[in-house]
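My questions will all concern the structure given below.
First chain written, first letter: the chains are A, B, C, D, E, F and G, and each begins at residue 1.
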Amino acid sequence: MQEAVSAILLIIGSAFMFIAGLGIVRMPDLFMRMSCATKASTLGVGFILLALAVHFGQFGVSSRATATIIFVVVTAPVAAHMIGRSAYIVQVPLWKNSIIDHLCDRYDRCKLELGSYAHERTDDPGGD
Amino acid sequence: MLLAVVSGFAAALFAPFIHRRLPRYSGWLFATLPAGLFVYFVSFSGRIAEAEPPRFAYTWLGSLGIDLTFHVDGLSLLFALLIAAIGALVIVYSGSYLAGHAEQGIFFSHMLAFMASMLGLVLADNAIVLFIFWELTSLSSYFLIGFDHRRAGARHAALQALLVTGLGGLALLAGLILMGSVFGTLEISQWMLTGDAIRFHVLYLPIVLLIAGAAFTKSAQIPFHFWLPNAMEAPAPVSTYLHSATMVKAGIYLLARLNPVLGDTVMWSALVTTFGAATMVTGAYLALVHVDLKRILAYTTISALGMMTMLLGIGTPIAIQACVVFLLAHALYKGALFLVAGAIDHATGVRDATRLGGLFGQMPVVAIAGLVAALSSAGVPPHLGFVGKELVYQALSEHLLNAILLGAMLLTSISFVAVAGVVGYRPFFEGMRDVAREPHPPGLSLCLGPALLAALGLIIGVAPGLVEHWLVAPAASAIGFQPVAVELALWHGFHYNLLLTLFAFATGMFVYSRWDGFRAVCTSLDASASFGPARGYDLLLTATSAAARATTRILQSGHLHFYLLTIVVTAIALIGGSLLTQHLPLGVSRWSDVRIHEFVLAVLVLAATVLVVRARKLITAVVSLGVVGYGVALFFLFFSAPDLAMTQFAIESLSVLLLVLVLFRLPEIERYSRTSERVRDAVPALIFGGLMTILVLTVTALSREARLAPFFAEHSYPDAKGMNVVNVILVDFRGLDTMGEITVLSIAAIGVFSLLKLFLKGKRESEGNP
Amino acid sequence: MSSLILSAATRYLLPLLLLLSVYLLLRGHNLPGGGFVGGLVGAAAFALHCIAHGVETSKRVLRVQPRTLIAVGLLTAALSGSLSLFAGRPFMTGIWNSDGLTILGKIGTPAVFDMGVYLVVLGVVLTIIYSLSEE
Amino acid sequence: MEVTLAFVIGGLYAAGIYLMMRRSIVKLIIGLALLGHAANLLIFTIGRLVRGAPPIIDHGKTHLIGQFADPVPEALILTAIVIGFGVSAFAIVLIWRSHETVGTDDLDEMRSTDSFD
Amino acid sequence: MSLLQISLGMAVLLLSITVVLAFVRLLIGPSLPDRVVALDLMSTVGIGAVAVYAIATRAPVFLDVASVLALVSFLGVIAFAYYVAKRGQAEELSREQSVQRIEDS
Amino acid sequence: MKTLLLNLLLTIAWMALTGQFLLSNFIVGFAVAYLILWLAQVEADPSGYFARVPKMIALLTFFLWELIKANLKVAYDVLSPKWHMRPGVVAIPLELTSDLEITLLANLITLTPGTLSLDVSTDRKVLYVHSMYIDDVNEFQRQIKDGFERRIREVFQ
Amino acid sequence: MNILLILPILIPLLTAISSLLAWRNRSLQRVFSTTGACALFGVSLALFAVVWQDGVQASQMGNWPAPFGITMVADLFSALMVVLTGLTGLGVVVYSLAAIDPERESFGFHALMHFLLMGVCGAFLTGDIFNLYVWFEVLLISSFVLLQLGGEKAQLEGAIKYVTINLVSSALFLTAIAILYGMVGTLNMADLAVQLKSADRQEMLTTVSVLFLLAFGIKAAIFPLFFWLPASYHTPPAPVSAIFAGLLTKVGVYALVRVFTLMFVQQSEQLSRLILVAAGLTMTTGILGALVQNDFRRVLSFNLVSHIGYMIMGLGLFTPLALAGTVFYTIHDVLVKTCLFLVGGIIYRLRGTYKLSKLGGLYQARPVVAVVFLVPALSLAGVPPLSGFWGKFILIKAGLDRQAYLMVAVALVVGLLTLYSMAIVWSEAFWKRAPDDRQAEAPLLPTAQLHSRLLYFIPVGVLACLMVLIGALPEPFYDIAGRAAEQLMNPTDYVRTVLGRLP
């Protein structure tokens, strides 16, 4: 039973990883690649670690596996945010089919400050 | 005896201080030392006549057979007496000659050191001790020639003398060591007993060449003679002492000393005689070319040295006897002449013989001394020079090639006569002087030396019996290594040698009277300026310098990639060379045990490596480097090294952080090199990588027992109380490594800190900046 | 260059990561880990904090000069090794207490040595990173 | 597996050495890093490879039993890695400072200490 | 062959493919952040691989490696992002300055 | 007091890491945690901690559900040859104020596939989110505000 | 158990740590530094005395039996090198009290100096090949940092070359160790000596020994691996150059001698000709380089390279006498090179330049400097009866005994060229008239008080006196060198002491 659960979790995890891999290659722009890769891979690695926790079944191992999962889950979005932010600073282009860009021109690239949309409430948020 | 030798050095050490205290009388004071030594050495004269010469041994470097051994036989005594006597006179002379000179104290110091070295040289029995003093004489000669060191000419001449005699020194050292190994001892007196051991040894020829080379450089034989005239840059006392009376005779001493061991072979006699005769004629000829008093004297000295060398080459008892007498005569008259020339120079500031004249009035004592010495040098009876020359004729006439040698001797004698006129007569008694300043009369100390030396030459000439038994005979016996009975006489009765002397004298007088004309002819014939050995020396020096520049410019080019390339190519040559000679069981069949993920990882790492190399952007290179690092860590993990994997992961990330923190301050990667350069570097790099692959394959194919691991596996927990064996090794079994390692880290941190924070203030010249 | 998200995240990650680093240090004798990895992880934690909050804040948070950590670490290591010299044994001979605390394993000079290593590694990496960031 | 790794090692050595011979100082640093990886991996491989048996004594045992990886090369590499880290950290900053002071990243222009006039 | 072994095999295969795909992204870029994302994914795969390896070898000690890798790879990615932003800022500043200079003259 | 709580939390984390729930380990863990807190000078602010546990669980459940749902959606897009994305960057006005809350929101949004928090404006009033599926901007903004933001507010306020 | 074997490492370490702890307090650092240097010298003498009386000493670190732990071991050669380290260290530390600027001092100069000494002592004393690597790294990184400390342009340019090439050497060294371990599975040098005799595939050992030759050859600066040295050694302040010149290359020589006499005895026969060729080329290219330099310290750097050739020559000849020559020459070279670089520092302090063309007039103006320059310069040139003469004499005798005539000829001619090179310096810096007359009147050590003047001259004076002493009384030193060489040629005692049993 334990082994089966662990095996299934392992396969699910690997599958998500694989999706992340496909995503990073296939998606048309950086932001969507990140959307796929970071998230799917986080989930994937979470499942694999879960599989490990189940597999060994010892409290010490499981607790450490959980701690690692939590750690990955906490750090992955921060990392994604940092990459996305830096991408915007160096003006990595959005996909040509993107429908809206509220962030456009709101970075002061010299001071690395980001203006808030709130100040310009009167303007149309943009797009269609 | 050691005291006698060392006392000179001790005195040299204190000379500048003493001189500073007593500047006026220091010359007289210092002269007491050689005078005392003279007396001391005279005391040996009685003993050496008996069979066994006194020997003194002091332990030094006994394990290499080098002890401070001295012995006093006839040859040594002759030299020691000359050194001490002329030393005393020259030092007195210098006291006045250099009076008021800022560096006079140092001058005395050098002179005393030289005297001591020379004494050591002639007294040493141990070959290496002899060599040491030999080198010391070269060295003190360097300082003395360069005494007037503000002039480039003096510095140049000093260097020249140093290098030429230094070259001889090398030969001497090699020769003496070889002789030492042939004989099994370094004691020269021991060599004498088994001289035949070497004459039939394979190394005989090289040894003779080396020893002769040493002697020839020191005694200014052709083709090494050129340094001596240039050494006339030195003050007159130096020229007197070193370059006529003593140091240049060290080569003669060496040949004489080793004559019983090396001599008496065709090889020896041909070599030494030929060079001696050639030098004799050349020196005599060149003496007529020059107008500078000291240079003229220098060339006649060369000629005289050639004569002595030639006589030693002939090696018959009469030749040896002639050599000894002539050596004594030459020391006396040439010493006197140099001092006279110095006195003239001192008084007038001029040494050009064509501009000097009529000085008798100002310096009568000097003039008479000069005249007397000149007569001796011209071989006019009843001077000792005459006695010597007669013996020389006699020795030559017994030689196989007597016609050639006598002819040469005759030419030399003619030149000597002419020179005697130019140097000893003309400046005082003839012509008008053309000097800027009014000459001032020389004092007692300037007159004492020349007068005494000239007088001695005359006295001994008149009564040669004064020296024949206690000085000349023992010396000749020592050179020949057999007792020689010496009968010296001023008058040998009518002999055709006398005719030669007369002829030489007459012709010499004629040449003297037509000196200007002869000089012009000789100068036009003298080719040595353009391609003589002096030119050779210059060329050699220039060539050395050019070679040095070229090699240094090529090797030390400043291009780091060249340095690295050299290292890599050397490594390839050595490693590849050593691998070529062996059969290499590579065991490539083992490839099949690879697992899929391992293979993927391997390919990935290699691909990332290629990406690192080919990256056009810094950050791409760094990211790829990160992939390589993580990949390596995964290898560690896959093959049972979790600690390593962890550390590698952590270090890789921190390195990335560091790189990133630094890199955005650096410019983007530039491609500086051309394709051909890249290929030039890529080929050796790939070969080197290939060699490493072969090494890994070969070594892993070997079987080996793990010698250390079982012990650690056994003792890690019970004795070191740790279950992670790697960690136990790190903190316990091999904790000292870790100690060193954290030290490295700490130092690196200080380094980084100082690189980032330490900026020197102020605009002083950078110490390292060329 | 401050990101609110990063700085908030690292503020809470720091103690956790330090905990991990001490854990790695103390367990290193029996499981993978030890002074090096522990120190590196600790340093990584502070490095993150430094990127997120800037050097000054990060230095203030650390309280101790990293240079002092280096010196103290080296001293700890050297003294732990020298202790056996006073007992007349060779340098770095392990000296252990008889029973030891349960969790730390037995306390002995090699463990203290490892702590020295930890401090040195921490101090070194932080010295480097702080002085680089200050430039 | 040794065979595969041997080629990886060879590649790393070659790449490291090649990069060090470039004129750009940045490449020099990267080359040094690759050379370090190469040497570490070489020690590791030559110390023989064992899969999945880290030299850690199991709980409750007193010594390693069965097959286990040789802990000695691991300890050596650990030392070498850490030393390499310290040295390369220093080297990186040295490169930066040189670039800052000399004003170029071209090694061929850093030759003043080898001129002899 | 047990279920676990099959799943382990599959996991290894999938992770290997993923890492190769990520490497492709690393290779083709085109932007710096793309490469960083690729590295991030590769390190996440690395964490997964370590965990899989721990299961396969029944050695839970490898889990600690995974924890450390999770931490330090995060640091690496943050460092790269920091770099990219800083570099972008530096370029922007120099562009600004050159514009300023043109305006001044 | 807050620090004590944090200390205790860290101690628990320690015991989880070491896997031994023994008094001696608690003492060691407490000491280690204390040392770390002293060293790292963390200011703690998990006030009213225990009252919020149920809300936190609610948030977590909601999040996990969203996570799975969105993941599948993305997976479909990655695998299918035809793309259905309508991506864009949307500004979400924020009502949350503390750093922790904003960060939590941003991270949860990021973790949910298809959406990615790019940055928070310097004055903390707007969160910029990249989304792969924007049918209607206002609807998207509302979803976020009603979903994650509301739940987070409930946990903390 | 022998505490004396670890103290030469511990004392510098503790000194350095104390200096680090007293980071802000320069005067305290100076006190620590001097005290530490004195203690190190004292301990080194004690160690030497013990080894001299009781033979090879060993101590098993951590009390683990050899070959499992790390063994520290001192035979006469090691102990002698440690004494030289202590001596040079003390001299340079005293000198630097006056010569180092406060800025460098407050950035860890003293700590670095003692770290360097620690690394050097460790390298001399360790009996473990990997531990040797670690000590090499310690001394290398300290030298890296000392070399660049101050960050002047030339320092940095030099440091890049020095660092890069030495790292290559370290990589080669590591590779060699790995192969050795891969073949026989042990790291203890004595154990290796035993094991290698019976190893499979003796030919492979040639390859390993070649790797060691390369790695140590770079560190010892032999042809054609020396280019990093003249590119960098002249760039840091004088005391740093001095200790580099005195000690660092000798560590490379030491390592070469150690591995080739202990581990690769058969290989050293095979490689003998190669080593001799390298020695000859090192001598020649080094001295040729020296002849064209205008910078005083670069003259010295090239001479340094050149004279490494003599030490290597002894190794290449591989007879007891030749090795005694190497040992003797090493003693001499440590003293002479340190002294000359320190004298260079004095000259720089007086005239503010190292350029020969800008120097001059020192003979008249500073006779004391002239004397302290002459003694080491003449000793370097092998002028009797100074220390250098005996070193050269022994080597030449050994060469002639082995009928290596060409080698001897090269050695002799290079000796003459060395004399030439020193004569150039003498002539330019001392004899020649100062190109700028105002210079000649510059006050002696402008800012220095009497005690600072003493700090400059005492180390130089002591070193010069030692050279004279060795020259005048060579017997005890030759005795030491001879016995050290005997131990090297016949390492049975070494092996027995380390392994605690006969192989």
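The rule we apply is simple: contacts are C-beta pairs under 8 Å (C-beta built on N, C-alpha and C of every residue); 3 or more make two chains touch, one makes a residue touch a chain.
This is a predicted model, so every value here is computed, not measured.
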Neighbouring chains shared between chain A and chain D, ordered by label: C, E
Most widely separated chain from chain A, with each centre as the mean of CA atoms: B
Most remote chain, CA-based centroid, reference being chain C: B
B-C compared against B-G, more contacting pairs: B-G
Most centrally placed chain - per-chain CA mean versus overall CA mean: G
Chain centre separation (chain C, chain E; CA means) in Å: 27
CA centroid of chain B to CA centroid of chain D, Å: 49
Distance between chain centroids, defined by C-alpha means - chain A, chain C (Å): 32
Gap in Å, rounded to a whole number, between the CA centres of chain B and chain A: 79
Residue numbers of chain D (touch at least two other chains): 20, 25, 28, 38, 42, 46, 48, 51-54, 56-57, 72, 76, 78-79, 82-83, 86-87, 89-90, 93-95, 97, 107, 110-114, 116-117
Residues of chain E touching at least two other chains: 15, 19-20, 32, 36, 38, 53, 59, 61-62, 64-65, 67-68, 71-72, 74-75, 78-80, 82, 84-87, 89
Residue numbers of chain B (touch at least two other chains): 552, 556, 558, 560, 564, 638, 642-643, 646-647, 650-651, 653-654, 657-658, 661-663, 665, 692, 699-700, 704, 706, 708-709, 712, 715, 723-724, 730, 732, 734-739, 741, 743-749, 751-753, 755-757, 768-770
Listing of all chain pairs that touch each other, if any do: A-C, A-E, A-F, B-C, B-D, B-E, B-G, C-D, C-E, C-F, C-G, D-E, D-G
Chain C contact footprint on chain A (complex, rising order): 71, 74-75, 78, 81-82, 85, 112
Chain B - residues contacting chain G, complex: 16, 59-64, 102-103, 106, 128, 131-132, 135-136, 139, 142, 146, 149-150, 152, 155, 158-159, 162-163, 166-167, 169-170, 173-174, 177-178, 180-181, 544-545, 547-549, 551-552, 555-556, 558, 560, 562-564, 566-567, 570-571, 574-575, 577-579, 581-582, 692, 695, 698-700, 702-709, 711-712, 715, 732-737, 739-741, 743-744, 746-748, 750-751, 753-755, 757-761, 764-770
Footprint of chain C on chain G - complex, ascending: 1, 3, 6, 10, 13-14, 16-17, 20-21, 23, 59-63, 72
For the chain E and chain C complex, residues of the former touching the latter: 61-62, 64-65, 67-68, 71-72, 74-75, 78-79, 82, 85-86, 89
Residues of chain C that touch chain F when the two form their complex: 3-5, 7-9, 11-12, 14-16, 18-20, 22-23, 26-27, 60-64, 101-104
